[in-house]
Amino acid sequence: MTEGIILDGLVLMVVGMSVVFAFLALMIGTMNLCAAFFIRFAHLFPDAPVKTAQPASKADDCTAIAVAIAAIKARIG
Amino acid sequence: MNILESFKSLWIDTGVAGFLATGGWGNLIMIVVGLILIWLAIKKGFEPLLLIPIGFGGILANIPGAGIAHEGGFLYIIYNMGIASGLFPLLIFLGVGAMTDFGPLIANPKTALLGGAAQLGIFATLIGALLLSKYVPAIGFDLKDAASIGIIGGADGPTAIFLASRLSPDLLGSIAVAAYSYMALVPIIQPPIMRALTTPAERMIEMKQLRHVSKTEKIIFPILVLILCILLLPSATPLIGMLMFGNLLKESGVVDRLSNTAQNELINIVTILLGLAVGSKLAAEKFLTIETIGIVLLGLAAFCVGTAGGVLLAKLMNKLSKDQINPLIGSAGVSAVPMAARVSNKIGLESNPNNFLLMHAMGPNVAGVIGSAVAAGVLLALCR
Amino acid sequence: MTEGIILDGLVLMVVGMSVVFAFLALMIGTMNLCAAFFIRFAHLFPDAPVKTAQPASKADDCTAIAVAIAAIKARIG
Amino acid sequence: MNILESFKSLWIDTGVAGFLATGGWGNLIMIVVGLILIWLAIKKGFEPLLLIPIGFGGILANIPGAGIAHEGGFLYIIYNMGIASGLFPLLIFLGVGAMTDFGPLIANPKTALLGGAAQLGIFATLIGALLLSKYVPAIGFDLKDAASIGIIGGADGPTAIFLASRLSPDLLGSIAVAAYSYMALVPIIQPPIMRALTTPAERMIEMKQLRHVSKTEKIIFPILVLILCILLLPSATPLIGMLMFGNLLKESGVVDRLSNTAQNELINIVTILLGLAVGSKLAAEKFLTIETIGIVLLGLAAFCVGTAGGVLLAKLMNKLSKDQINPLIGSAGVSAVPMAARVSNKIGLESNPNNFLLMHAMGPNVAGVIGSAVAAGVLLALCR
Amino acid sequence: MNILESFKSLWIDTGVAGFLATGGWGNLIMIVVGLILIWLAIKKGFEPLLLIPIGFGGILANIPGAGIAHEGGFLYIIYNMGIASGLFPLLIFLGVGAMTDFGPLIANPKTALLGGAAQLGIFATLIGALLLSKYVPAIGFDLKDAASIGIIGGADGPTAIFLASRLSPDLLGSIAVAAYSYMALVPIIQPPIMRALTTPAERMIEMKQLRHVSKTEKIIFPILVLILCILLLPSATPLIGMLMFGNLLKESGVVDRLSNTAQNELINIVTILLGLAVGSKLAAEKFLTIETIGIVLLGLAAFCVGTAGGVLLAKLMNKLSKDQINPLIGSAGVSAVPMAARVSNKIGLESNPNNFLLMHAMGPNVAGVIGSAVAAGVLLALCR
Amino acid sequence: MTEGIILDGLVLMVVGMSVVFAFLALMIGTMNLCAAFFIRFAHLFPDAPVKTAQPASKADDCTAIAVAIAAIKARIG
């Protein structure tokens, strides 16, 4: 039986390493696809940080108090 | 244990196999829904603080075989710890209270009524839900479900989550998603209604400068509201109580370290966990139903009716009261703080470039939070 | 019976909206009383931020270390 | 469901109806008590960080029908999570440890004895409580209650809450309120006793400059105290252990991010929840009794005896030791950090304008924290 | 109750008596072990953020009679709340994700394979553990124990704690201590292996500048990895999911307040509690065994094999791929972020003073975190 | 019996105060030993703040990004 358990260990090693490599290989593949896509269409994705509605609309705030309140629900809801 | 068996058992556990199994397609769709929520949050700025965690929680909850949202799973544990217990929405209300300045409401109390009128959306939607379940065979909302759907009209996240978690937890996911999505859409939903119900002349009305509010009044306000709530509607005191506790921490001026923690680290931590836990309620079998479509439509109706209610009462008050009221501030009564108030300000500026309504709209806006908590209290008291 | 439930909805609407308005109306009333009171006796409530004992007594602190320690129990207990 | 019935059922649930019901007046009075605590905290600066949450929790706990402090209510949940388990007071001790500088004690070790003498208040009060319950028919404290009341004399919040939650949870509310109130009153309670027990000459004594304490000594101190506590009194190790763990985080100098979080966000979050949970123990039926009056009187006695004990030992030590000791620093032994040390400094300055006792008083002051934790350990070990 | 009896009962409870009682010596040794861990952390800078709390927790857990780590004790409560439930390691992974920049990996994807090869240490050690328990009578590790020991080779704290708490909680203490200690020793363990397996020429290889990675790619990466994990290995989704959730919070750029809290206050609070709870598993009867020596030796082997695996695959890839790869970055695949990457950089600079490998090594380094989480998923799926 | 309980109180006082003083006395003793030791060998303990490995090794960081990442596991994982 202890034989058996050592074998189990070997099985785990084979299976485990294969899964790890399979996972990472697939990850690399998709990342390369992504990369290719983004390098090809880079112009479509200006690197400006994404904006949320609220900082945008913060423009029309006009008093200090408003800014204070702006923190509320828009942030948390 | 042998290699083939092991690979086979791993294969059976894979998401691929899970999605192909019976009912698996549902999980797949829900994961896509979660991704859409995340996309809306990041690219369209839809309430990202809530919709990113909710969307992510929805994805995690629908991973076949992982059981993250089932007994023993960590989202299940977080849900029971914070939402089934009611703690998370109450702690968020604590932080919201610590962030809220009730000054504009104290300076012009009567605008609070607008925060009441806007709650019409809640009850109209409740009836709508009952009618739907009467005439649409595929939909079967009972009174508790209807009440939970109605509260979407409160345009207030924690209140909606608190009520739904008490009355119909199964709908919590879709209700929270609808509530936060429509809050994000307030700048698109409200303006047409506001324009339709007001005359150019009304939209140009300038309101007189708000009076100064003393520190002492601001300290007394939360205590006063709490006492009123205790006398009239104890079932609303958990919500109103924590909101006013947070506000008292802020206004007292002597416990800034507690106030700051409540409105920063504490509310942030709770938001992350609350969002994930709400997402864990986006189970395919509950979400992928005609009922969800019903909830989405009813939620939209709720916002529209609430907006209309607020604007119409504002028109009426403008006729009756001695100093003028611009009806555009009525729509702010739905809460959705501070988005709705900003919308009032924006539409006001369109027709009168130097008419800043923001501060005047903040009154009904924060009153709307109190109003929907009160409405939730009534529903809790009568639908239990 | 489904008739009944729709009626229940109408009842909830009437009762609910009345309670909401009653609550807010009472709130407005008491707020106006408050306001009247405070406007009348404004002079009694100088708007200086309220002080706690400890910042006050911080006066007699004389070393940096004391300030550090001052944070302790006086803050938390 | 019909309109009249609904209004009636809402009316029955109102606080108004609740206060008019049998026993309701008690809740009403407790709510007033809560408001008074909040008023004392805000207007008089009575330990606001604790008394605002405690007062607010007391109000919420006494709302008729809301059941916020009963099974299923959120304060009930918070209480069990944090106080019944003992976690909250220990986490606060962690933060306190991270805020405390034991340097002045390390520089002049013998002053630690003053922190011992001041614990006399604990045991004298314990006996007082037993005498009261013997001679006052309306009062029935058993040994555990007496021990919990005595610990008020420790002038140390977390220790009092930790011990009372273990020995007599029903008295926790009144004990915590008494402890924090008297800590706030230290500047009023102590001076007369200090003046009465000292001669003008003694009060003018200047003490010699404290020696410099090296970083390494400060790192070794918390470990050394923990080891002593392990060897002598394991029952005190939860309290002493967390206090010294916090201090080690601070002094080690290599985990500042943990130390800062422990003394800021973590302690703030726990303080908010702890305060509310302690307040939830201010139930009318427990609080509105002759026993509470007894506790209030005994608490005052505890502070007075403790102060006297410290001062008298200081006088004695001044006689015996070679380098002089100003008896005014003895009163700081009651802990109530740093208020009591400030009082010593203040009274000292009165009789000798350039005699700064603050640093010398910090030694007994922090030793008092250790002393009361040790006393709590003895009571836990023998009263269980 | 009389004085002598009381003193006697206190004496029986003292640590002194406890250490002299049967089995007491074990507790004493464990307390010394805890002190050594704290000394290593403070004086030698061994992962102080974890080893100070773990060491302190170990001391508290071994106080005779205090029962701090037994049912009802506060460390027992914290352990069940946060580790038995799996929450703490997952919340730490959330914060780690919010701190991690996957840019270098996205810029040079193929280096991810190195993060796979280094996981060889996990499985080799697993077999080693089984062999040990076969040939050493005093050691009896079952498959679950072996898997938990193997994961030390993952060189990743939260993953090790998460897996061990699921498969063999009794070994958690020693496994966590071994994992963190060897992570701290990476700068001593890896260099000789790296030098032995590489030629001077290889060590001098300069790699070409990494390309710029756009914001959008960084946002898509965590979602992409999560989807892959869902499709292939749901059992790893709690770990990978929270890691990627944290990273999404960071990269989305729209929820900075959540991202900041996740990587600061939240992770700090959880680290303090996690460390104490892990320490509570340092019970004498479990730790003072031959098995612990086995774990320590196996853990070292795990790091060595992992390092060798990474370096050897890097050599192979360098032969095969068109643009050169410096084998020194292979060792970074064991994770131990960012220490291992720094080691690669350091050794690289030795043989080529203007060859900065840090950024190139960060790719395998962060890939190693993903790799060990995947390995943990396989072990969870097959050893349950 | 109530007699008994009062006696218990007295016992607690005697025992309690003795333990408190014993504890503090021992503490003072060990502290004095420590102090003596440290004053004697002060030169062996330069008062420079203790350093951890990572700030030390931060030296070889060469890009902003590295610093950012440096925060990770070295700190927590």
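Which chain is which? They are A, B, C, D, E and F, in the order written, and residues in each are numbered from 1.
The rule is short, and it goes like this: a residue touches a chain if its C-beta (ideal position, glycine included) is under 8 Å from a C-beta of that chain, and two chains touch if they have at least 3 such contacts.
Note that the structure is a prediction, hence the values are computed from the model and not measured.
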Next on the checklist: Touching both chain A and chain D, which chains are there?
Outcome noted: B, E
Next on the checklist: Under the document's definition of touching, what chains do chain B and chain D have as common neighbours?
Outcome noted: C, E
Item to check | Whole-Å gap between the CA centroids of chain B and chain F | outcome: 48
Checklist outcome for this item: Per the C-alpha means, the centres of chain E and chain F lie apart by a whole-Å value of 27
Checklist entry - Touching two or more other chains, which residues of chain C qualify? => result 8, 12, 15, 19, 50-52, 75
Item to check | Contacts with 2+ other chains: residues of chain D | outcome: 1, 6, 10, 42, 45, 48-49, 219, 232-233, 252-254, 257, 265, 271, 378, 382
Checklist entry - Touch graph of the chains shown: is it line, ring, star, complete or other? => result other
Item to check | All touching chain pairs, where touch follows the definition stated at the start | outcome: A-B, A-E, B-C, B-D, B-E, C-D, D-E, D-F, E-F
Next on the checklist: If we count contacts the way the header does, which residues on chain F are in touch with chain D in the complex?
Outcome noted: 2, 5-6, 8-10, 12-13, 15-17, 19-28, 30-32, 34-35, 38, 42, 45, 47-52, 75
Item to check | Of all residues in chain E, those that touch chain B in their complex | outcome: 85-87, 90, 94, 219, 223, 226-227, 230-235, 237-238, 241, 245, 248-249, 252-255, 257-258, 260-262, 265-266, 378, 381-382
Checklist entry - Which residues, counting only chain D, touch chain F once they are in their complex? => result 105-106, 109-110, 112-113, 115-116, 119-120, 122-124, 126-127, 130-131, 134, 142-143, 146-147, 214-217, 219-221, 224-225, 228-229, 232-233, 252-254, 257, 367, 370-371, 374-375, 378-379, 382-383
Checklist outcome for this item: Touching chain C in the complex, chain D uses residues 1-3, 6-7, 10, 42-50, 92, 95-96, 99-101, 103-104, 156-158, 179-180, 183-184, 187, 263, 267, 271, 335-339, 341-342, 345-346, 349, 356, 358-359, 362, 366, 369
Checklist outcome for this item: As the complex stands, chain F meets chain E at residues 7-8, 11-12, 14-15, 19, 50-54, 56-57, 60-63, 65-66, 68-77
